[in-house]
Each structure stands twice: as structure tokens, then as C-alpha cells.
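Structures incoming, each one as C-alpha cells.
What follows is a pair of complexes built around chain A, which joins chain B in one and chain C in the other.
Coming up: the complex of A and B.
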């Protein structure tokens, strides 16, 4: 057994898992507010990362200017998407709404490939020093930064839902739309804001992954990996999403370790979460923290 | 009871038998028979390019019909249909290569094998609905795709596998013209089977599960049984379609059966019309002809300003992908019942002509 590799992979797992958690959170945000399963979540990462990359390379903007512009753009983009495409779909059957988001995802993915090409492009370096030493292990600075960013976002979400007026309005809407509306909450605004925030947060994750791995259409695979995480945690639980993300991240890297040490099957870490997904759906379909639907006639 | 020749202007049916005929009128029955007869002459008229498109519409249409039984009639959703299609293709090639089973027999057997695989992934389907099922089939898509790349004994691994041409009584159906008849025969049989399924208790049970599954359950319909069954049927159709694809190209590679292909299948039934048997075929035709039309368009635009501005030649692949997505969204927003609904409206217009408003 190679303990150093195991340790390294576990750290990787926590870092990647935290990012999964962030994306899963923004996925759950949309689901909770508007009951829409967003298959285009991965494309939010992609669009955010490409926008930031474009600002930083073509316009030569420093990161601290380019990044906020990206966020502002993603916010506008999220609102626009909700108002133009998703709002007319309110009240349509669930299959139609799912299919619309799937359609959006292929449109955006092809659009990004068309504009920016299919090859991965590296981000301009953002940090002065490339690696830091923690407990005698060399860890890349971007990894540390990504972990910090993920934790900040999670804390931000916690604050937002507990204390801010908008967050409370969102929780009220998620609980009962009619009651929320009669209390004077603009449900339309809540829907639009949930998409805006979700797009922004996903874009942060996209930029972080882009800085680590370079930007390419492979980023949108995060949107698929989110499903095992949210199913594990429960579709409508923010805490569950974070935990699910962490577990999936760790699981991936653990599967990679087992694979590289004993099995040698190849891309085990990509596929392991999906096996787990099927098993969870069989034994505990509402996940660890999800609300169990009770149906009354 | 195909007594009437024209569609009556009201509902004058007096028996259940009259309500569940395969063809509503004698005219529509004759038109269908005539249509098949005309298609029989197609290899004499069309060149290989058009025959190739017709064959594609045939085998994809069978698979799309399977998906429509699952999505349109039972109200479940599957994002892994292409994986089952691929499994059918590999299964048929594997059966005929490894066990020397004649291809004519290997195709239905491949359908049965795909059904078995579909049922494995259908176990969660029995308990889940809508959204959760969509995610379960998404997992099925990736797991099967991974399996194709891994299982060299079954799929030939990265190199792909060779499939024997279809042969019957010593005659090889290895040209487009001859294989067209094989596909046509399968299309007719599979579509008649589906139409008849919808006339039986089982078919009506599926529709009841879709419309209101709680009411259906209260009326004594076993939800688990019918959801799993619908999943199995859909996998069977996908398997048959895939097998026909394998023996048409006579080569199956592991790369083709991606999630984009699955989404294309969903696009076909949405465009054609959810819950419409002929709609599946219309939607497939639309989806097959869409890239061809786009290709023709880009060719005709080559050299013009638009071509130079957008660099069409290199980006036509992305434009095709985008077109699939855009068409799906547009149909869902503006014509959620698909082409079949449009066709019904045209018929309704002529039914009362010239007195329709």
C-alpha cells in the first residue's frame, strides 16, 4: 500500500468534493426554489470560466477586475435565461421542463465549442507562488485557494438563507409558493434570483476549476457529476448537497486509489459515482437529508 | 370495424371494438397499405443517398418508438436510450460472431438481451418516477458507455467489432437496396406491435399510469409491474433498432452511443409528438433530415459573406448540435404536442371543409 498516494488522493478528494458541493448547492438552490432540475448546471461553469478567461486574455484585465465582471455577467445571464426560456415553462409537465434544460445544455455546450474551440486553454497565472508546503506535502496554491473559496461560498450560503431578506423569501417560496405570494413576496423575482445566484456560484466554481485544469468543454462534466452528489444528499437539502459533494469527491479518489493499486481497470474514478448513484436510488431514493414526498389524493 | 371511408364529423361509435381499431377508417387503412406498397418500390426510384436516409429513419424510428412507449405513453423519462441502442448493436454482432447464430435470429435475440439489461436498470424505475428516473437512466448511460469501452470480449474494445450482413435462405442483404426491405419489414412489424399493444389492457394500463398514477393504482393497476414492463419494452425496441443498425453498417464502434445521441432520441419523440405512434416516425424523419438540410444549406452558402464571417465549414458540427438543442426547445415552447398534433389539425380542418372556421 502506498500511503503517501492515498493521503494525496484524499486531499484531492476533499478539494474536488468541496467544489462538487458548491455546484451541487447551486443546483439544489434552483430545484428548491422553482422545482426545476437543471441539466444545464455544468454549462454555467463552462460559460463562467470561458467568460473570465476571455476577459483575462483578450482584454488583459487583471483578475480582480475580470472576475467581478464575470460574476455580473453571469448574474444577468441567469436572470435572462429564467425570464426568457424557463418562465414560459411554468406549469408544463416535468418532462418538458427537464427537456428544455437538456436542450439548453447542448446549445450552450456547442456554442462554447464554436466560439472558443475544443482544446483546453490554460488560465494566465493568478498566484505568485505555484505551490505551498503543508505538513510536508507540496500542495498547489490554487488548490488551497479553491478550498478556501468553496468554504467561503458555503458560509455565504448559510448566512444568506438564515439572515438576508432575499434568502428568507426564497425559503418561504420553496416551502409554499401560494403562502409566500400572499405574504407579499414576489415569486417571479425569487425564481429569477435563484437562477442568477446559481449561475454566479457555478461560475465561481468554473473559474476555480479552470484555473486548476485549464478551460475546456470537459468542465461541463461537473454538471453531470452533480447528480450523484445531490441524490446522495437529498435533492432539496443544501446541507445534503455539500455533504454529498464531499462524499462523491472522496469516493472518486478512493476508487482511483483502489484502481491504481489493485484493479487496473482504467477510468474507475469517473464511473464509480454512477454505480453508487444507482445503489442509493434503489435503497434510499430520497437521499440522506431529502424530504420524503408524501402523496395525498 | 373499418366500415366508414371518411372520418365522421362526430363520435358515432357504438362499441368498444369500434373505438379500438388499428385504423379508424377504411381509407386510412388503405392509405397505410398503399404507403408501404409505395415504399416497396423505393429502391427502384431512389439512389443510395436517399435509401441510406430512409434506412436510418427506419432503424432509428424503431428505437424512437420504444422511447415513446416509455416517455409518451407511460410518462417515465429516460436519458439513456442511446446506450440501450448501442447494447442491442453489440449484442447482435456478438451473438452472430461468437455463436454463429444466423443474423436473422440474432436480431430478435439481441432485442431480448437488451430487454434483460433494461430491466436491471429498470429496477430503480419501479420505485421511482419522473425526475429520479431521469437521473437513474443518466447513470445507466454512463455505466453502459464505460462497459462498452471495457468489455473487449463483447464489443471488441476500442477497435470496435465487425457485424455480419443480414442473410436469409442463403441470400445476403448487403446492399442499401436489399437491406431497405429488411428494415421496412421490421418497421411494419414493430409499429403494428406497438399499435396493438395500445389496444390491449396492458397498453391502457400504461396510459393510466401516465395520466394519474395514483388513480391507476387505486383501480388495481400494479405500478411496479407496468413501469418495469414499459422500461423493458422500450429497451427491446432500442435493442432491435440497434441490431438493425449494426448489420446495416456491418461495423460497430464504441464511440457513437453518447448522451448526445440519447438526447437526439428524446428530441425525435418530442418533435414527433409524445404519445403518438406515427409521430415517432415523423420526428425521426425530422431529426435525420435536419443535419442533411443544414449540410445542404452550408454548401449553398459556401463562399458567401455569411460563410466567411461564421466560418461555416469548420463549425458545421457545432451548428448541428446547436440546431438539435434549439429545435427541442422551440418545439417544447411553441408546439409541445409535436408534428403529430399538427397533422391531426390538418385532418380536422379537411374533415369539416369548407365549413371549418
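Coming up: the complex of A and C.
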């Protein structure tokens, strides 16, 4: 057995899994607030990454200016999307809203290909040194940065929901919209805010992956990986989303290891999480952390 | 409305006479074929403790919902502090100073008692998403400390100190009712709407709750609207009472006047099971 490879893949799993967790959290945020299953989550990564890439290459902005602008843009984009496209859908059947988000996903996907082309493009280098040494191991700086960013976002989410006015309002709205309104909370504002934050956070993940792998439409696969993650964790649990993301990341890499060592079937990396998903759902139909009475869609 | 005695407010609300904080003009509410309210007009004076009573399904909750904005009247207008609020959202009305509790407990069961109450502060908290991110620089912390103090005052008043860190959903029914009241009070409303605040409570809990409500009215200066089936409590603490039956106002006045009104007696006697309730509760 190749322990070095196993170790390498597990580290990989944690780093990628943390990113899945971040995207899954932003997916759950929308679901919790407005009960919308957002099939365009992966395109948020794509749009965020391309926006940042464009600012850094075409406008030659330094990262520390281009990145905040990207976030501001994604915030406005999220709000606009909610207000213009999804607000009019309030009260429509769930399946119609899902069709709309699938439609959005296809449109954004095509739009990005049209504007930026179909080939992966690398980010200009962001860190001064490409590798750093941790416990004597040479690790790529971007991987460390990726993990740090993921952890920061998770801590930020925790703080936001526990202490901020808008975070409390979101939890209240997720629980009961009528009651939240009676306490002075604008449900419209909460919905718009949940899309804004979700778009921003996904964009951060998009930029991180873009910096590591280059920007291409492959980024939006994250939107699909999110499903096993959130369904594992329970559609309405933020903590569950993080753990679900980590599990999926580890599973992929573990499956890849087993495949490369013994099975040689190929492609285990992609499908293993879905197999495990099915098994877990058979045992715990509401996910590991989900609420019992939520709708399965 | 035909001939309902529009009472001169009794002594306790004397100073507030002729100073309505809320007014309903010809409010009707229909759900398809169901007429929940029919041309109800009344006003509530500033500083008053005003009760709405009536048999089950009379339209009491519907009326309160028309005040809080959960329902919009099919016809008629509602006014708060002289302003027409008929077209305003519930959250807008809340920020103007209308707070409420619900007939079926509506606590955020998975949050702590403290967080529940903090949600009630929503419209008073300036720190929003962006300034919140700059917590230490924007004075958000100072603001939070001031809020904590006021919230602690409310917690002391309603005697729920011992459960402030508890998850709301785990508390006893009586305690949850108190936490829900605390959350509504946290809004600092000028008008507070209480939909059956004592339902399902034992005698001791009811007495406590009645005392809190009277204190809110007298010490905290809140105008109170209360829906309650317990006639003993209603007659004891209300300044004025309005009686609804089948969505219509059939009487309004001081507790004594309302109790003496023959139409009120018929309304209650008209429903067999309701009669038992009333007699039991009065006894």
C-alpha cells in the first residue's frame, strides 16, 4: 500500500471538502431562508471567478483591490437576481421555482462561455512564493490559503448567525416568516440578503478554486457536488453542510485511492459520493443533521 | 354599528379619554365565503387595557391580525396614531410600535430564550450586516451593551432570569408564554396585542400573567389589547371590552356594561358548550 499517496489524498480531501462545505453552506443559506433549491449555485462560483479573473487580467488590478470589487459585484448580483427573478416567483409551486433556477444555471453557463471562451485560463500569481514549508513538508501556498479561507468563512458564518442582527433575523425567518414579520423583520430584505451572501461566499470559493486550477466552466461542477454534501448533512443544517462537504471531499479521494491501488475501474472519484449518499439516505432519510419534517425535493 | 353603547372610558383610563391610538373603520374580512369580520368599527384609547371577547370563531384573532397586518381587511381602513396603516406590511407596523403574541405559541423553539428576545429588538438594532462586520469600530458594541441592559430589564420583569440561556423549545408551556410576551415587549411597542395570553395555564400562572399585563399597562405605559376567554380575568383588569359574535361587534363598553348587555348573554348562551366554559371560568 502506498501510504504517501494515501496521506496526500486525504489532505487533498480535507482541502477540497472544506470548499465543498463552504459552497454547501451558501446553498443551505438560501434553502433555509426561502425554501428554494438553487440549481445555479455552481454558476455563482463560475461568475465570481471569471469576474475576479477579468479584473485582475484585463484591468491589471492587484488582487487586494480586484477581490473586494468582485465581492461587491456578487452581492449586488445576488440581490438583483432575487429581486428581479425570484421575488415574483414567491407563492408559485416549488417545482416551478426549481425549473427557474435550472434555467438560470444554463443561461449563466452559456453566457460565461460566450464571454470568456471554453478554455481554462490561469489566474496571475497571487502569492509571492509558490510553496511554503510546514513541518518539513513542502506545501503549495494556494492549498494552505484555500483551507484558511474556508475556515474563516465558516467561522464568519458562525459569528453571523449567532450575533449579527441580520443573522438572527434570518434564523427567525427560516423558522416562521409570519412571526418574524410581526417582530419587525422584513422578509423581503432577508430573502435578498440570503441570496447576496450566498453569491458572495460561493464567489470566494470560485476564486480560490480558480487560483488553484485556473478558471473554466468545470467550476460549476461544485454546484453538483453540493447535492450529496447537503443531502448528507440535511438540507437545512449549516453545520451539516460543512460536515457533508468534508465527507464528500474525503470520500472522493479515498475512493480514488482504492481505485488506483486495486480496482482500476476509473472514475470512482466522481461517483463514489453518490453511492454513499444513497446508502446513508436509506438509513437516515433526513440526512445526518436535517430536521424531520422538511420536504424532500 | 347599530346602537352599541360607546362607553365613556372608566376612571383608570380617564386621562386618556378621546385620544385614540388605534381606530378601525368599517372593517370587513372575508375568506372566500367565510365572513370572519363584518363592518367592525371601534377605537382603542392611548393607555387603555382593551379586551376583545366572544365565542370561538367570532373573529377575535382575525381582528387582531387586521391590526398587526397579518391580514389586510377586505373592506374598511385601520389607523394607528392617526396614520392610515391599512396598506402597510406587518414588519412596517411592528417598527411603528405594534407588537403582538400569538394564540398558538410561536417561539423560535431552537433558539435560546435570550436570542428569541433579541430578535424582538430587530428594528431597534442599528447594526446591520455591513456595519456589523465592523463591530468594534462602529459603536455596535456600545449599542449592543445598551440593548443587553434593556433586555435584562425585561427578563427581570417577567421573571425568566433562570432560563435565559435555555433553548426555548424545552421550556414548560407557562414559561414559553412568558418568553413570548418578553419577545413582544422587547420591541418596545406602544400597542401590544395579546392573543389568549393565559390559555392553557393553571390558576397560579394565570394570576402571574394578569399581573404582568397590568404592570405593562400601568408601569410600562403600553396600550394593551387582549383576547381572553377567562371572563374572570377580563372583567377584573380591562378598562373597556368589545364583544364580537359571528364577526360582528355586538357590544362595547366597561366590563359592567358589557356583562349586563342582553345581547352578550344571548351570544354566549347561544352556544351550549361555550356556556359551560363561561360558567366554569366565571366560577
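The criterion applied here is as follows: the second predicted complex is superposed on the first by the 292 of 297 C-alpha atoms of A that agree within 3 Å, B and C clash if a C-alpha of one lies under 4 Å from a C-alpha of the other, contacts with A are read in each partner's own complex, and residues count from 1 in each chain.
Rule of thumb we're sticking to: a contact is a pair of C-beta atoms (placed from the backbone, for glycine too) under 8 Å apart; a residue touches a chain by one contact, two chains touch by 3 or more.
Please read these numbers as outputs of a predicted model, since none were measured by experiment.
Enquirer: Could you classify chain B and chain C on chain A, in the superposed arrangement, as clash or fit?
Expert: fit
Enquirer: Once the shared chain is lined up, is A:274 touching chain B (first), chain C (second), both, or neither of them?
Expert: The first partner, chain B, only.
Enquirer: So in the superposed three-chain picture, is A:145 touching just chain B, just chain C, both, or none of them (first/second/both/neither)?
Expert: neither
Enquirer: Between chain B (first) and chain C (second), which does A:166 come into contact with in this model arrangement: first, second, both, or neither?
Expert: second
Enquirer: Is A:224 touching the first partner chain B, the second partner chain C, both, or neither of them?
Expert: A:224: touches chain B, not chain C.
Enquirer: Return, as a multiple of 10 degrees, the angle whose vertex is the Cα centre of chain A and whose sides reach the Cα centres of chain B and chain C.
Expert: Apex at chain A; the opening toward chain B and chain C is 90 degrees.
Enquirer: Check whether A:92 is in contact with chain B, with chain C, with both or with neither, and answer first, second, both or neither.
Expert: Only chain B; A:92 stays clear of chain C.
Enquirer: After the superposition, pull out the minimum Cα separation from chain B to chain C in whole angstrom, please.
Expert: Distance of closest C-alpha approach: 20 Å.
Enquirer: Using the superposition on chain A as set up above, list the residues of chain A that contact both chain B and chain C.
Expert: none
Enquirer: For a test of understanding, state which residues of chain A touch chain B in their complex under the given definition.
Expert: Within the complex, chain A contacts chain B at residues 37, 85, 88-89, 92, 94-96, 98-100, 102-107, 109-111, 113-114, 224, 227-228, 231, 235, 265-267, 270-271, 274-275, 277-278, 281-282, 285, 295, 297.
Enquirer: Which chain B residues qualify as touching chain A in the complex?
Expert: 71, 75, 77, 79, 121, 123-124, 127-128, 130-132, 134-136, 138-140, 142-143, 146, 150, 214-215, 218, 260, 263, 266-267, 270, 274, 315, 318-322, 324-326, 328-329, 332-333, 336
Enquirer: For the complex, which residues does chain A have touching chain C?
Expert: Contact set of chain A toward chain C: 160, 163-166, 168-169, 171-172, 175-176, 178-187, 193, 197.
Enquirer: Residues of chain C touching chain A in their complex?
Expert: Touching chain A: residues 68-70, 89-91, 94-95, 99-100, 102, 106, 108-111, 115, 118-120, 122-123, 125, 127-129, 132, 183-184, 187 of chain C.
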